[in-house]
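In the part that follows, the structures are each spelled out as structure tokens.
In what follows, chain A forms one complex with chain B and a second complex with chain C.
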Partner chain A sequence: MPISVVRKPPRLSLAELLLFKWVLGGFLALLAIWMVFHVDPDFWMTAGVATVLVLAGLLRPDLPARVPDWVWKGIVPVILVVFLFRLMTADLIPALITLNIWLVVYRTLCPGSRREEMQFLLLCLLLIVVTGVLLVSLLFGLQLLIFTALAMSYLFIVNLAESAAANAEKSEKQWRHLNVFFFFRRFGQVLDFKLVVLGTLLFFTIMGVSTLLFMVIPRVQFDGSISFLDFNRGGSRTGFSANVSLGEVVRITEDTSIALRVDVSPGMALPETPYWRMVVLDEYSRGGMRISASAASTMGLDWDALPIRRHELPVITREQGPTGDAKGRWSFFLEGNVSQFLPYLGTFERLVHRDPGELTANPVLGLYSLRRISGSLTSYQIEGMDFSGRIHDPVLAGGGPLLAQLDPFISMLEEIHDENPRAVAYPQTLLQTFRGRLHQAYLEDLVAEITGGREMTAQEFSRAATRWLASRHSYSLSVTLPQPEGPFRDPVIRWMQHELPGHCEFFAVAFTLLARTAGHPTRVVTGFKGGTWNGFENYFMVRNSDAHAWCEIYDGEGYWIRVDPTPGSDEVGGAPVLMAGGTDHFLADNSMAAYLDSLRMIWYRRIVSFDQSSQVQVMRGVRDFFVRSYQKTVVLLERAGSLFVEWLLRPWDVLRMGYWVLLTLAGTALFYLLQWVWKHAEARLLHSGRFEDPVRNRAGRYLLRLRDMARTAAEPLVIDERLLDDLHRLRYGAADTWPDPAEVFRRVRKAL
Partner chain B sequence: MSDVVQTTEVQGAKEILGRLKGNIRQFIRGKDDVIDNVLVCLIAGGHVLIEDLPGVGKTTLAYCLARSIECTFNRIQFTTDLLPNDVTGVSIYDERQREFIFKPGPIFANIVLADEINRATPKTQSSLLEVMDRGKVSVESETKIAGEPFMVFATQNPVDYEGTFPLPESQLDRFLMRMQMGYPEHQSELEILRNGRLSYDSFPFEAVASRDEILAIQKLVPRVFVEDSVLEYLLKIVAATRTEAEFKAGVSVRGCLSLKLAAQSRAMLAGRDYVIPDDLNKVLVEVLVHRLSLRRPSPDTLEERRVVTTILRRILTSIPSPV
Partner chain C sequence: MNGLLSSATVSTAPLREGAWVGPGAAESGSRLRRWGQFLRSMVLPPKGHRVVPTKSGLMLIVLALGIGMAAYSTSSNILFTTLALLLSTLILSGIISWFNFKGTCWRLVAQPPFRVNQEAVVALDVANRKRFLPTYSLWFDFRLREAGQNLRIHLSDRLDSGQTTRLEWTFRPASRGVEQVEMYDVGSQFPFGFLKKHLGGIAAMTVRIWPERIPYTFDGSHTSVARFRGQMARRSGGAGDLISLRKYQPGDSHRQIHWKATARSRKLMIRQLAAENHGGFYIFLDPSEGIWKSGPQFETLCSLTASLAEDLFRENLLLGAAVCGEPMVAVRRLADLEAFLDRLAVLEPMAETGRGDPPPFRHVITFQPSSTRGVHAYIGSQKAATA
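Presenting the complex of A and B:
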């Protein structure tokens, strides 16, 4: 059979291919296990051991081969037993992740037939997806990208190795003894530029197609129906829980990681120092603040049954309001394990969450919280938010003397809590200080000192008390209280007595106690103060180190006024400073860290919160773009047409005609010159080994395939001599002696 | 395109060459490759240098070829005292006619066997040069055609070369191919023994092709189509010999042209009117091996030839053939 022999550049031998497969498999396993480290410290041990095992196998492929066969056979039942054990002691998800890790390690170190290669890939993918869904982090995207590239190469190598193994006389065993580092050098030698370019192109094509699919496939809300998405880790930080002891908020500030990212509509007015309120604590008890049981129980109330005007309550919904709202839209991205309470700035109209059933509202305290703390990112949007520092209280609102207004509620709330009738119920908790006379008397003395015996409004008192506190106490993060001596046991009272420096919590609690003694309902709020403006993607980065505690005092007219008694925050009462020009006034953070964080934000904006409405928005944008382009083109064409007619109708003299004839000739010459240049450049560029002639190209491809078939066929291949002759003639013969190419190719296809 | 050979013409040529081959095969057993190469040389109008031990059938091959075609055959045994005139012929004064009459030498034949060519002095060897190049002899300002077709079969003994004059490279370049006969295979030798003829004069030969037919085929060969990619492939191989560190010098342009011609002949032999890379691969070693010499020459001719062949095969593996 006169088929010419193709000489190929150096190739990897079968042994090297198998080693390559081994190395790729190791990388895939490491990639899959990598993210497990981020899920939970519980997995560190398992994932660490797994990583070490995979690394050892990766560098010394001969080691797993030394393990006797019966060990490999016995491992699977052991893994299953471990799984069942974990299933009984822990939740399903941790048990599943552990099982998955061990199966991946098993498949990495003991690879078998082809079906098992696929199984291995699926196991890795499963592990990546499970950890990715739990973490919803930017790294998940990166991990998936790397996985795609690795998995594609892996499948490719598996195929190559299979066909090479089919040709080899005997099965290869010695690859396990090849040196991995030498292999990398060898790999560099055989690396074909064309193959790399093609592979990269293929990769990006797949990426493009996936992106397109991501944009167009319909969005399904299945979060609620997949139970493992509820897999939660850890708990709320105690400083942001319903029960805060002194010093717990300050402890949070030691962590500089980002807790909250807030995206704002462009051009929106923003507060100079935003106070992100999360937890409102109304009950004081010996050095700590907490949400009173009665106030907490109102979380589950049927608010429709209460005499509150419905429109005063914000709406919690999954539908976005009409766009272009004057007050703008705030998108919050709260990291996992920060708090179950959602931060916000002040009274708002609408809270958008993908699953409103997950949220509970407590309008009594102005709290919005998740039913369970989320281990992963929580995103929600708030529309029409007022950040003036005055928070409307629909319960206490109505004007007039406070207690009279509250009467029906007191009785109602007491009813709810009749199982513990001795406890003070909301809203009396807002005025509660100490039961003991001694402490009470001490506080009253202080209040008298502050007010000078005058009757003061809430604002006036706030300013006076803040000034008074600042004159006696300086700010310090560390507080050393002296040993309790005498009758005063309360830490805050002792702090005030000794005029010690203190942190925000002491100031807030002390102010609260003073204000309550003066007769103003007051509560402590914890959350974040301030934040950094990310100049790359324009959003607030709020770190855990921004944690803060402050107060809200009731003005007797239905509003809570923010008071920050901590020195250095001179803002008392309403009157916020607005940045009318939008975000320009912020000192933007343009550091590298901020840049990396902005990538995360892009991930949240474009991927995590890409829901149906965003989809519609994108589609609408695309449509609008085309419509606009079309309209612009039409206008341009019309203008060009009229200009041409006008130009044509101008009087023609010899000079003008000559000018245009010359111009036309020059243009034509230029066209042909460019064509000539292109043709030659093209020949240079494309002629490296291949031909422009598609028939010759195609015939060559068929010849190659025939030869490959002849090489791999078990028995001698019988190919029609005439067909082969025709193919050869199409490939190498003179063009005018060609048979009909289409007919020949048809015959070849049939033969193949 | 008129300059491309027609399929029918090629088929005719193939048939004639097939007859020739069949005829020679009756007497040269088990050496199809060698016969093919000799036929390639014949239709390419080239000369052959056969380098092998005595008694393996070199002369027989030349004789069989000459007898299968209706043409003349001469044999020149080269020795150190052979003079150029002994090859080309000499003018002798004829008393009766009172003028010099040219007595043509043994070179005036269609197929000439130059046995043990390296035994002759360089002067005699070079007298072959012009004849081999143009097929013509210049005697006393007169140019005479040696024969049409004209083909030189030169032989060399690679083992016993004491008192020999190795052929200069310029002369080696004029041979289209240099090949080995090699010992016949067991089965073939058995048959040779059975038939038991020692002298080739006793062969019952009849010509199966005319001289004109061979001349016609010779005119067809350069018109066999060579596609551009195949030419590029050829050039790449030649370029590789020129950059190869082991070689003193690469293949000359003449060598390049010879390679193309040999490939075309090979295609013609296979009955094709176009060249495929395989044609090139098949003739490559025979056409190029004597045109290349090693930078570190080996004292043993056979060894040197073996090394050159290995390098050529390596070059062939390193260049992808055009498909």
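Presenting the complex of A and C:
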């Protein structure tokens, strides 16, 4: 085999390869640091300085080279000291992130041997993973994709540079003085089609294999999984906490970001206006509502030890129920730092969470919450949800006096009460209004005005009180209360006295006070009302601006009935309107923002929520696909076979035979034509370097022009034989036998 | 011919090329058969094939283990995603490495002459016989078995499909004899440097190292150049007046072919030049242990003989050469000279033979030791050269 003489396409020199590696390293570092900006404002300063340093080094590679070696050697101990200091003044995770950032910067600007370059990559990956776990964001997916492409290229270039350096006679140190912008132009010159195709193919192959591995890696779930890198970045929104002051829910509505995404079980009758209940507040205090200490202390109790009808309580588990599909399974994705309380619509049978130990339940108030607020996304599923608008109360559902049935529970509440005799214990908190006679008397007057002195059921009173409130107060997000005058200092009483417009919290608290005065146990609920239907991926998008407050009134029969006293709402104690058409009646949001959010939802559904059951589902899907495909193929083959036999048995005459012979010939000719075309196309693709050589191309063009000239000339054209020989050599000959192309082309131009 | 002779080589011997070896060389047969071979190699790797994780690869494996444990402990799909990515990178690293070697083959090429204390070139032709994919970043480990030298050369440039490149390396042999040039390993860390793939022992080639060229003085002016009946004649032609035409004989230079006469007679005819009939010298070497008791002196003998033979050949004055006990070989063309030098490369002192006297020609150069290390060359009884 002769040595190839095809002229080599331009390649990057060792210096250019080293500069390329430097540039890629800079991009990798910037990519890793980028997500830190999203974690917490506390990191902005560190991440900003790190970005500036990396950018400076990226654009001026000669700058880090000017730093003396002893400085580089001294930097690592300094970084460790900073880490220890941060560790003493902050949590472990912020300190670790800071350490990681500085190590990435150090490795970016001071790269060393191959092992250290690997360390650099791993540091970048670690930073990306830590921020990814904290944020559980779609951006992590994007970041990981870009990281993969860059890291692959980086390692590839490291490999090439090592090979080139091994053959280099002297070590190359001048690369730091090359111009980065010039390099990009040079990079464009050496980039060829084949390389781009191969790189792209490799990237997608890695993505494909990763996806496959992600799906098939066995998900063995251990009990008591560790909470990894859970970093509280600022606590829950106050409107969704255990203590809500007036106006705090409305403040949440100023934020239009999405707080909750809900995957709806298909084909079910859904409430026209969903109320996503999160926090139930039973105690009133100076214009605010809160979860009373006694009710809060029942969170996380061993409910099995209590004589409550255990089967009436929802199950909190890791396993999905076998009947989940039949009774409806809803998937919730609650964004980080919204609340520690989990939103849901109504009484349900089963709550599925990857780590049930992280959850606490309070069946007294119907609350389900995380033990501590999560800074990252929380996903869970609820099965068998009831949309009747009635919440079953397993404690009060005893029907008779509580003391008779719930001795241990009540004695426990009494113990709490004994510790703080001034406090009102649950369930007395549900009827609590004011200690002062004056306020109480005012409320009683109002109740008398509402009821007209009649005895009313909870539903009747709800309707009457809601109508009464709507007649005196209009809705407004902005409320200006007058200065307290006289003995009435409570803000809600003053709001009612002055017949001011108000927002949902005023209506809810006012209704609660009125209903309690009328003798109906009532509580305030905060959460979200409504939501937007995402038309791209079919799920609810609930924004913070959907935050709302409403009430629940006890019907005396073991159920809490939802009452929304805010004007404009139909929820006044009756059964909510259920839409039989499932999600069809929701007006779909098909905006660009919804589309972008749908991508996030895909990420949550396919990646974040992927678990053992999803794995089984995927396997079943694959198996079903193959079984279906096999069955379809068998049917098609049988059908094709019978058609062929039928066609064969039809009478053959000359015309029909000729037709089929011609068709067969045409088919064969087409086959060979396509084969020929493919062969030539393949040759062009595989040996693109030869055909794309500008000198050869130009020689070819000149040869064509000379041929055309000779053909069209009136008289026989005399062309210099040597010139033709040279042109042919440039077009078809080996590159090392070429005459000077510029000289040949000059002679051709002269001849033309 | 007088004074110190030039040390330039006279050899124009063709390259010695070994057989193509490597994954690309063996790719023959039907596509189905090749796939069969491939699948078999996946289960039973061919002898010498090894894949070893590098330090970077070990770091990656340890990291993957750590992330895997964290993923299982926390059920975090973010960590499972990262684990899947790391594992896929490792797996694809192995597959791409396999693709990199696939269709690649190489052969050893020796570029004679190999001479003691002169730089010798050994080359490796590397061919990429893949249809589409290029080959990157291979290294080749060489070993000189006798000299105990090792060397690694790298394929630093991309080798596109269908292309061949030549990698060369030089070495300086220390002693004459037979040297085994071995390429004992081919490896690569392509593409990401996580895995080091070796293909093991691959190719070998035997080369003869000729004696060293040494400076010497030669004075053959006292000899007559008249030729005697029965003496050998060189036919290389190359200088002097045209005497006549004669038939071509093997070994004649093609440049001396007289094409017009050839066309007329329809036989290859050669221009016979006056130089052909000039006299010349015979070299006769007696390696008896009794004469050459010192090893260095024997080496000097070989070096002087080789240098003299080469220089006389260049001057068209070498008629024949022989080692005592072996028939006199006429040196008519370069191959004859190289055969004699090859013989000198492996020549060892022999037991007292008495197997033969110098041939009964005039101008036979013989050798005798002088003092402790030196060697004299004699023509008849006249001292003609000293080294």
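Throughout what follows, the second predicted complex is superposed on the first by the 595 of 752 C-alpha atoms of A that agree within 3 Å, B and C clash if a C-alpha of one lies under 4 Å from a C-alpha of the other, contacts with A are read in each partner's own complex, and residues count from 1 in each chain.
The rule we apply is simple: a residue touches a chain if its C-beta (ideal position, glycine included) is under 8 Å from a C-beta of that chain, and two chains touch if they have at least 3 such contacts.
Computed from a predicted structure; not experimentally measured.
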{"item": "Partner chain in contact with A:R650 - chain B first, chain C second, else both or neither", "value": "neither"}
{"item": "First, second, both or neither for A:L703, with chain B first and chain C second", "value": "first"}
{"item": "First, second, both or neither for A:L160, with chain B first and chain C second", "value": "second"}
{"item": "Touched chain A residues, chain B compared with chain C", "value": "C"}
{"item": "First (chain B), second (chain C), both or neither touched by A:T205", "value": "second"}
{"item": "Chain B versus chain C as contact partner of A:R731, first or second or both or neither", "value": "first"}
{"item": "On chain A, the residue positions that both chain B and chain C contact, one per complex", "value": "2-4, 6, 8, 689"}
{"item": "Chain A partner contacts - residues on chain B that touch it in the complex", "value": "1, 4, 7, 225, 227-230, 270, 272-278, 281, 316-323"}
{"item": "Chain A residues within the chain C interface of the complex", "value": "1-4, 6, 8, 11, 114-115, 117-119, 122, 125, 129, 132-133, 136, 140-141, 144, 148, 152, 155-156, 158-160, 162-164, 166-167, 194, 198, 202, 205-206, 209-214, 217, 219-222, 225-228, 354-355, 607-611, 685-687, 689"}
{"item": "Chain C residues within the chain A interface of the complex", "value": "20, 55-56, 59-60, 63, 67, 70, 72-85, 87-89, 91-92, 96, 125, 127, 131-134, 136-137, 139, 152-158, 160-166, 189-193"}
{"item": "Partner chain B, residues of chain A touching it in the complex", "value": "2-9, 689, 691, 696, 700-701, 703-704, 725, 728-729, 731-734, 736-737"}
